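You will see two complexes here that share chain A, one where it goes with chain B and one where it goes with chain C.
Here is the complex of A and B:
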């Protein structure tokens, strides 16, 4: 591992190049979706047999951002002209095959992983281990008990910005980094998501997302060395040359949520370093918060999915926060049950 | 903490009904006998109110839902007319249909989110400035010391005072 990072001391743990690699992998992650209009709601004269639409959707995107594309497809291919005129996408909503309503304000990757873990608790799932997630599209009467009002893109953008600000607050105790951005830059984050443009998003996000800097003391060497061409370290306008100021290990807490099958969402403080000075890892975090599923001294009963990947227990929480978080700044850990020691997904 | 409250509200042309949620709360049924000889009887809005700890901001936050007698959730335009929110707070805020934001504010004053415990959609008042406000008020009151329990009790009482600036906690009647 030679000097890839001219300004920082060469990091045994993570160079800016590998940080960028993981961020790009996260950004480019997609999930297959099958969208089918509820057959009872297909307008008369629709071309049945074509009413399924397949999308390889970006994990960091949101359902309202897919609506225009779906609407175009339905207008062009499935509906007749009268029906196409009558489309009211503000009444649209999506449901899973077993009746769970999909939320507008959750990133698609989270929706997918959450569905995966919910299936892990169902006794009979062995079929279609990783087929497309099937969404049933309803055209009217959204269930107001289960869905936030206003499914449009603007509401979604505000929810997204709200999550980003919360993540900022969790890390630093204030939201100065996000609110310090110019309005055009803040909008640029959402535009980056809409256009699915990595560079546009990260041009701004790199100013507010913690950088991976060398951890104090006993960090293990990286599992693989990445020989990519040198990339300059992210710009840190607030850092005054002190490399750790905006570092992943300097945050108060990493923005993390744990999702359990069918339901509860857990959130708690996740300091990057524990009280005894050791680094907070995924396994320490899960042992502490879900001791029955992840007993300290025995084989675990569950598995953890982050960005759709089985996360290794030795992953450091701070690193996850800097490299594998969603576009809204949050590390979403979906916990599913192991069956006979094997994750089903 | 949770409770159910029936709020008087006048929507045009709807009759009042008596839908009462059952929560483990008090029962007071008070008629909204505002003048109004007109045909439209005042409607009753059922509001579930919760005080929930916000894990992000590490302070309590006030969450509520509001449904009309027919069971439909109230849109923001109707919610701001309820006696629940104090009018002076609403001045200077701008509504987008899904949130109420004060000028220059980082977070919306009132917006929707997942209820942290129930997971269902709920309106909530943003808790971000609460901690500062409580600390400020506590420091002025000059009561220090006491046991941890007394200290926490003062904290939450002060929190309710702050909340009371924004929300009229006495509006409406409790439902059984």
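Here is the complex of A and C:
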């Protein structure tokens, strides 16, 4: 773990070290992608055999942000000069091997995890993907009604800001925290993603993202302690007694979406504490929303991936919101099916 | 350390025992049936209330019952049609005067999280209103 020690003093944001650690782990997560130009669309005189581009992409990034890099590669290596000049990246779009359109506005980590869980339902695939996710790059005729968003990083940025505000609204019932940011700060969030700069992003994001209280730095708790978590953290001995109004356990709801193989996407209010005052955990959340896959009285039929990690059932929803949310503020839970006992990753 | 975020995805690693199923062989079919249940379209309808912002034209009727399974994209298209908007005419849509949802969000999801007094309030504007 030592290699992942936070390099910057968390005190600058008054964010506990453990929270900063998990935020950095989330930020530094990457997924392998193989991007292949649709062979029928390769321009004449292209150097065939090289039309594949491999990249280890940041989970918190977006496909439009990869386009300039891919374009540079294709222009330098694959296309001849005439073809390179004729490239119009506004016409580009990405598709999966089985013909599903990759959305511009989904974080890349979500695209990858969603593919993983989709594969978990296919009887003829031997295991969950172990290699890169294959994307087919089309150079023409974008199906705009399926892509839903204009191409380019500006439209993606608008969609990202929309998601941030929606997350803010979910947490607090208003978007004052985001709209209270100066324009330069709002732009800094997107720049941080574009440049993959953790500090630039979190300098601003820490003003809008709730944190876990320093007194509760032992997140997630050991499984045996679940039954002890029946009081809000502010009542824990060791905290100073004042409820943390901006804390992760004080939000109205945690921004969470559940992704099931081949859809649907489910979203509901997810309070950090349940009505009886006990802490809302991943297993209670899944028992409630997907009882057929996570029955309360026996072994689950499915597993939950968050940021590519098999999330432990005792993880607290508020903690997930503070530490494992994507850059857009959302905790994306991808649910895949368990098969033949132990699926391999 | 239960969590291993940032670990290379390509590593083969077993699931934590707590997620593994005791009787996996017989469960796949049950799991697929469960997925089918969750995939069933939500046939309920919810009330969407449109509210003009700024210079946007006001609609004569502004309450509509819309199938919860619709995507927000369908709501935008419906609104454009009602307003007689041509392709390319600018239209910005917001929930609760606060944010633009993703076009693939469903009406059901938005209603569950953001409805007010049994309505999902959709504001529309001809200029970008809330950045």
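Note that the second predicted complex is superposed on the first by the 293 of 345 C-alpha atoms of A that agree within 3 Å, B and C clash if a C-alpha of one lies under 4 Å from a C-alpha of the other, contacts with A are read in each partner's own complex, and residues count from 1 in each chain.
Heads up, the rule we're going with is that a contact is a pair of C-beta atoms (placed from the backbone, for glycine too) under 8 Å apart; a residue touches a chain by one contact, two chains touch by 3 or more.
Treat the numbers as computed from the prediction; the structure is a model and nothing was measured.
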Side-by-side fit of chain B and chain C on chain A, or clash: clash
Which superposed partner A:210 touches (first chain B, second chain C, both, neither): neither
Partner chain in contact with A:162 - chain B first, chain C second, else both or neither: both
First (chain B), second (chain C), both or neither touched by A:142: neither
Which superposed partner A:188 touches (first chain B, second chain C, both, neither): neither
Partner chain in contact with A:154 - chain B first, chain C second, else both or neither: first
Of chain C and chain B, partner touching more chain A residues: C
Partner chain(s) touched by A:170 [first = chain B, second = chain C, both, neither]: both
Contacts of A:321 with chain B and chain C, given as first, second, both or neither: neither
Which superposed partner A:339 touches (first chain B, second chain C, both, neither): second
Touched partner set for A:268, first chain B, second chain C, both or neither: both
From 6-14, 24-32 or 114-122, the chain C stretch with C-alpha clashes against chain B: 114-122
Overlapping contact positions on chain A, where the chain C interface meets the chain B interface: 103, 148-149, 158-159, 162, 165-166, 169-170, 175, 179, 263-265, 267-269
Chain C contact footprint on chain A (complex, rising order): 1, 4, 22, 25-26, 28-29, 31-32, 103, 105, 112, 121, 123, 130-131, 148-149, 158-159, 161-163, 165-166, 168-170, 174-175, 179, 186, 220, 223, 253, 257, 260-269, 290, 292-293, 298-304, 307-313, 315, 324, 337-345
Interface residues, chain C side, partner chain A - complex: 1-7, 9-16, 18-25, 27-28, 30-35, 37-39, 73, 95-96, 98-106, 109-110, 112-114, 130-131
Residue ranges of chain A in contact with chain B within the complex: 103, 144-150, 154-155, 158-159, 162, 165-166, 169-170, 175, 178-179, 255, 263-265, 267-269
In the complex, chain B residues that touch chain A: 55-58, 72-73, 75-76, 96-99, 106-108, 111-114, 116-117, 119-121, 128
